[in-house]
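In the two complexes below, chain A is the common chain; its partner is chain B in one and chain C in the other.
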Partner chain A sequence: MSMNAATNDPEIRSTLFNRMLDRYSPLVVILVALFAVVFVYGMVTAPNFLTVFNFKTIIRDAALVGIMGIGLTFVTLSGNFFLLSMKETAALSIIAFAIAMSNGYGFELAFLFTMCVAVIAGMLQGALIGLGGNPIVVTLGAAGLFFGIASWWSDNLVVSFRRPHGAEWLGSGSFLGLPNITIAFILIAITAEIVLRYTSFGRQVYLIGANRAAGRATGHENFSMAIKTCTIASVCSAFVAIAFSAQVSSAHVNYFSSEFGSSGDMTILVIATVMVAGNSIMGGYGSTLRTSLGAIFISTVDNMMVLHGFNSGPRVLAVGLMIVFSIIVFALVRRGSRVQE
Partner chain B sequence: MTQKSDTGLPGRLKNWVVGNPDLAFAILLAVCVYGYFALTNDLFFTHRTSYAIMERFAVLGLVGLALTLCIIAGEIDLSIGSNAALAAVIVVRFTDSLGAPTAALIAIAISSVIGLIQGYFVAYLRIRAIVLTVGTLMLLRGVALFAAEEKTVMLTDFTVPDFISTKMLVYFSPASLLVIGVFVLIALFMNYTRYGREIYAIGGARKEALASGIDLKRPMMIVFTISGFCAGLGGVIIGLRSGTAQALGLQYLLLAGTVAAFIGGVSILGGRGGVIGAAIGTLTVNFLNTGLVFNVTPSFMVQLYLGILLMVVIMFQTGSRVFQSQQRRKQILSDVDRRRESLKVRNPQPVSVPP
Partner chain C sequence: MQPLLKLSSVKRSFGAIHALKGVDFEIMPGEVMGLVGENGAGKSTLVKIISGFDNGYSGEYRFNGESVNFSSPAKAELAGIAIAQQELSLIPTMSVAENIFLAGHNVPTIADKRRLVKMARPFLDEVGLDTINPAIGVDRLSVGEQHLVEVARLIAHDPQVLILDEPTAALGESDSIRILDMVSRLSKKGKSIIYVSHRLDEIFKITDRITVLRDGESQEPRTADTLDVNSLVELMLGRELDIMFPERRPKTDAEPLMRVEQLWPDGLLEPVDFEIYPGEILGLAGQLGSGSGEILAAIGGAQLTRSGKLSYSGRSFLPSTPKQAIRAGIAYCSEDRKLDGLFLGRPIKENLSSPSLGAISRLGWMSSAAEWKLATSIAEKFTIDASRLSAEAGVLSGGNQQKVALGKWLSIEPKIILVNEPTRGVDVGARAEIYQKLRDLADSGAAIVVASTDIQEITNLPDRIITFYRGLKIGELALQELSAATILKQITDPFNETNL
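Presenting the complex of A and B:
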């Protein structure tokens, strides 16, 4: 409206800029503007970035991390911090799935079996957290436990099953030109958003996350909520494990620790996905939509760096920088609000 | 707690155990683990094994100590493994050109400054350290990859690694003596200086501490600087001892260090625990690690046992907390009942009139 900030800019840009200046501190605005410039510059100069094919690649890369992130968002929204055992739950699930598949039980039975394992793993952690154990410690212990069990179960070897198998459609099939895993990501993202917004369970998640005392007073104990949300997170990581295993027709406990993306550690990447989009760690604020966008954001940055021809060092550096940057910006935006403490 | 004036040794012991249940449990666990391996493996209870345990203590002890301090302050530093890896990469890369002492100083200084910056941001932004350190974990990993040029860096001259593992006084080496010195210094700092007590204060009761005029920035920066310093020193010791460093290595330190800190009796709610606990916790983890190696356990199983150990400690802590809150609730209920009884006696209920 007024012309003080950027006189020669188009009207729409100027109002947006002014509105941001009104609401947030100049520091935040400068940071965000700087980021936007770098981002747009990177996008425009990267060869083949602005193509439909590349866009599909970005979403497909984001899918696996995104699904796990959506599961973890439930836990974070309900005020139970993180599960540091996402990667280990996935490792346990991938071994369970591959062993069931290699013994010839067929896709459906193997899927059910894996889900049972994941549900048990999630409920175990959820019960301990609900009883008052600290989520970080409980899941750190559970992580060691699951990883050990998975290694012992598979003798630390690669478990492979022969093609053709019943899971190929999930791993490498596609529908209407989109890979099935991308479709699964989109469906899960929409379902999770609807569940959180419009069902009583979803509202309870927000209630307990925002105000645990109020939740208890209205009869919603964290005990059952912790079990439910941890189970959701576990099931999501099991689904990712199954999809990944279906893609490569094999399984090893280290698939999620070393061969994944640029970071080399799935758990950290998933937590970063949840945090990068500005979900509040204290719970009660955020959404799974934010997480999905966070996954796409991280994958976009990575994709851009790949197209510019960078090695893994600068790529990890850039992704880490982006995560720290967005955490700082979100923290600055929310300074002093109740969401923070 | 100690109103009972028992004088004999058993009485005093009992009072101490009631006063410090977590530390007592830690000592019990350490003795159990050590005893198990000493009884089942006749190579375990020897001078050589004790030397090996102390060598492991040099690195893991530092990480356990750093995490203990962070958890006392009510925060956790997830980036400790990446920070240590960065220090290891730097020291190994620059030892050949600058000499080991200079390279080590540079690496430790960089790690400490990283810690300082993290602490400043945690206090300034008022965010949970776990959020920020998830980001810095990846960031530092990228920096380490960058510094190592995505290769495994190696020393060419092995006089320094030989010096670091020289055996001294039967059980020690220069590295472990240095680490013990750091432990003593930090124990004195935490217990007898104002800054140390501030760290306990912001962990145990942050709102009250801030209300009473403690500036959050100072203790937070001190804690994270110590954490970065310990990570850097640990990385330097690992890097110089083995002569190689990988940018993506050392991530196991976080799990092992956290297990050590929790066995040592810190409470995740902050404000509890101490340096002695950290030492005992680390020793327990080392007994387990070394014992498993002696019993020819595959390395991937070590994580399983670490997980089980941590679970046992959590069960104990959760159980004791649930027990305490039940006791308190019972106490309150019986208090209420007693008062109601006395009220009933004083002014008896009027006979209710049927409508």
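Presenting the complex of A and C:
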């Protein structure tokens, strides 16, 4: 149907609205329904589920993974796939931070130092990807590099620093009854969404992600984009590492591999967070808001399983199932919304 | 005689969009039926229904006298309806013979390469590839030859109906001729062929009858010799098309806007020099492989060159990325809008503003109002429906996509606009609009450089032409020297190698 004909047809106008409904409604319905099922099930079966304390726990648990997920979302949306080095970047950062702290440099300097390390790590990966390196290969290599440096640097030992220290407010402080890390999560989520929606950088992320060749043709090079987005992801990893270290007053390279949270591997969990809310794995479509909600959703399911006494095996399985399920649902929804003229 | 294939009052809607509002279509055994219409008239939808890609329609579909409803293309193919689509489905790293028997019908379970080669021979002969060795890789063939291999692959299944969906859209003159020869050869052997094309000259050359679709409705099929180009266009548009090509201007004595000096991109045998004047439409004429498109890409910063400089607005430089070219006010549109001309999954509005994010933002913050204003003004100039600016560019038809791909460059107010194949896969209506728009831009002082393999377009649109043949610049033709015969001679046989 030609465009000119379309203008004169009142039916077409309503179609725009219908199409939006078509696109979003099944997605929203399914997610809300799933959330409701989990919620009601949790409420009925676990008496502790529906308490303010437990909700704070859920969001708090979602915070660390969520912040890293938001950082990674920039990379994914820009069409540069995933960084498989998220947890190793965090490992390198946590060691850098703890060593600086244990040497008595104070929170501010240690924070700055760690961020510098993270920026270098991010830019290095971004430059290699921007030059045409495959993101998977580059970041697998980088992962080995960062992990190696971190365990060499720390002699594979726990690096601890004595309380009281200047980072305690970030690790265990709270404001208006909310843990500071939760507040940081909320602030970062809002900032990221604003950046994506309202800045020209955010627009470039979407354009390059949607079609890299067309992005280049219209003056948006992926080289600088890859560097920028990888640096954002890396800095988010470092922030999470610092917050975690501040909480336990120590660091070890394996904190994000085995001891962290429920689902074992941090990188997989972060990727799950990005995927579960339907961000396009090819880039160009999605938002950090989705990632934030994805983190809370995973955290809710996980929390409920903890309350029911499941150990880590079934909980990892649940995360896996959520990813598979969401990929299928979103693929179907996307395909259904494609209307050809 | 009974029609081999007959569709009666077929309707198909997608949501509230009625793609087909009642289409009758038939084809006789051994007939070549042309299927024409503007972009979005419903040709693709109809072809998808016939070939089994889409069975969500209402209405009757009879094949060989029986009522059918194919739930997949494989089932349609088994019944004897094969389709060669615009996008090739060959595997480039495999040999011609292997590609022909890819689907595995009629092939013994264990077949060695030599046997496949022998089996492939007759099908290649049938499509006119008798000089091609079936053992060589498909990637060593020209695009036109690849299209012929694709058809050979379909013929191997011995279909009764063959659908060719714009087989010549991406081909140069000589490859197109091979396709047309093949069509007439196959129809003589009794195959029914549905030929979909925007190239009206081809339609008249090879079809027996023509079915016109307009706004999702079919017109009574006409025999080709009762129509001429004008009456066919009128049927397609539902109105008379006053002018296809806007009036041209002879060269003025203005100073050149840009001097291209010793530019030598890949695809050219030697460096070229030429001048671009403000207010003119310059045409680079040549067949596929002539190197004319590469010149545009090189000026636009999209392709690296061995040497060369552009003298332009008081400086001498050569952009090495499109970004640098854009900054200098040079806009370049490649021949493949889906590859690098459009962000199909993003809204039309974002496509239109994509080259000039800087102009609609301050300190990195985009102004939504400025973007709307920009997008609306471009939409108005290029007759893009302003109420659909928030829709994804991917839902548009080819002609409208091309308008968006071209129109987005207005946002940088370019001084030089380089367009490779401005109207590939674009219907007559949108085509005329694009020509007029290019002329308007030239009149406003910009310089337009168009590279095209479409002989009708390159003869009638530009004010001046430079011809290319196999990587060599052949000559320059001023307005009064422009004729299809001269141009054809220069781009196909400038050195009198063939005696015609």
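Assume the second predicted complex is superposed on the first by the 292 of 341 C-alpha atoms of A that agree within 3 Å, B and C clash if a C-alpha of one lies under 4 Å from a C-alpha of the other, contacts with A are read in each partner's own complex, and residues count from 1 in each chain.
Here is the rule we use: a contact is a pair of C-beta atoms (placed from the backbone, for glycine too) under 8 Å apart; a residue touches a chain by one contact, two chains touch by 3 or more.
Predicted model only: the values in this text are computed from it and were never measured.
Considering only the touch criterion stated at the top, classify A:284 as touching first (chain B), second (chain C), both, or neither.
second
Does chain B (first) or chain C (second) touch A:248, or do both, or does neither?
Touch status of A:248: no partner.
Taking the superposition on A as described, I'd like to know which of chain B and chain C A:217 touches: first, second, both or neither.
second
Between chain B (first) and chain C (second), which does A:178 come into contact with in this model arrangement: first, second, both, or neither?
neither
Name the contact category of A:200: first (chain B only), second (chain C only), both, or neither.
In the superposition, A:200 contacts chain C only.
Between chain B and chain C, whom does A:317 touch in the aligned arrangement: first, second, both, or neither?
The answer is first: A:317 touches chain B but not chain C.
Identify the partner contact of A:137: answer first if only chain B is touched, second if only chain C is, both if each is, neither if none is.
After superposition on chain A, A:137 lies in contact with chain B alone.
Looking only at chain A, is it chain B or chain C that touches more of its residues?
Ranking chain B and chain C by residues of chain A touched puts B first.
Residues of chain A that sit at the chain B interface in one complex and at the chain C interface in the other, please.
340-341
Residue numbers of chain A touching chain B in their complex, please.
Chain A residues touching chain B: 81-82, 128, 131-134, 136-138, 140-149, 151-152, 156, 253, 263-265, 268-269, 271-272, 275, 281-282, 311-321, 323-324, 327-328, 331-332, 335, 340-341.
Using the touch definition from the top, list the residues of chain C that touch chain A in their complex.
14-19, 38-42, 44-45, 215-216, 302, 321-323, 326-327, 332, 334, 339-346, 350, 354-355, 357-358, 360-361, 364-366, 368, 383-385, 387-388, 390-391, 394-397, 399-400, 408, 429
Could you pull out which chain A residues touch chain C in their complex?
Checking each residue of chain A against chain C gives 1-7, 11-16, 18-19, 22, 198-201, 203-204, 206-207, 210-211, 213-221, 284-285, 338-341.
Write out the stretch or stretches of chain B touching chain A in their complex.
76, 78, 121, 125-128, 130-132, 134-143, 145-146, 148-150, 247-248, 251, 255, 258-259, 262, 268-269, 298, 300-301, 303-308, 310-311, 313-315, 317-318, 321-322
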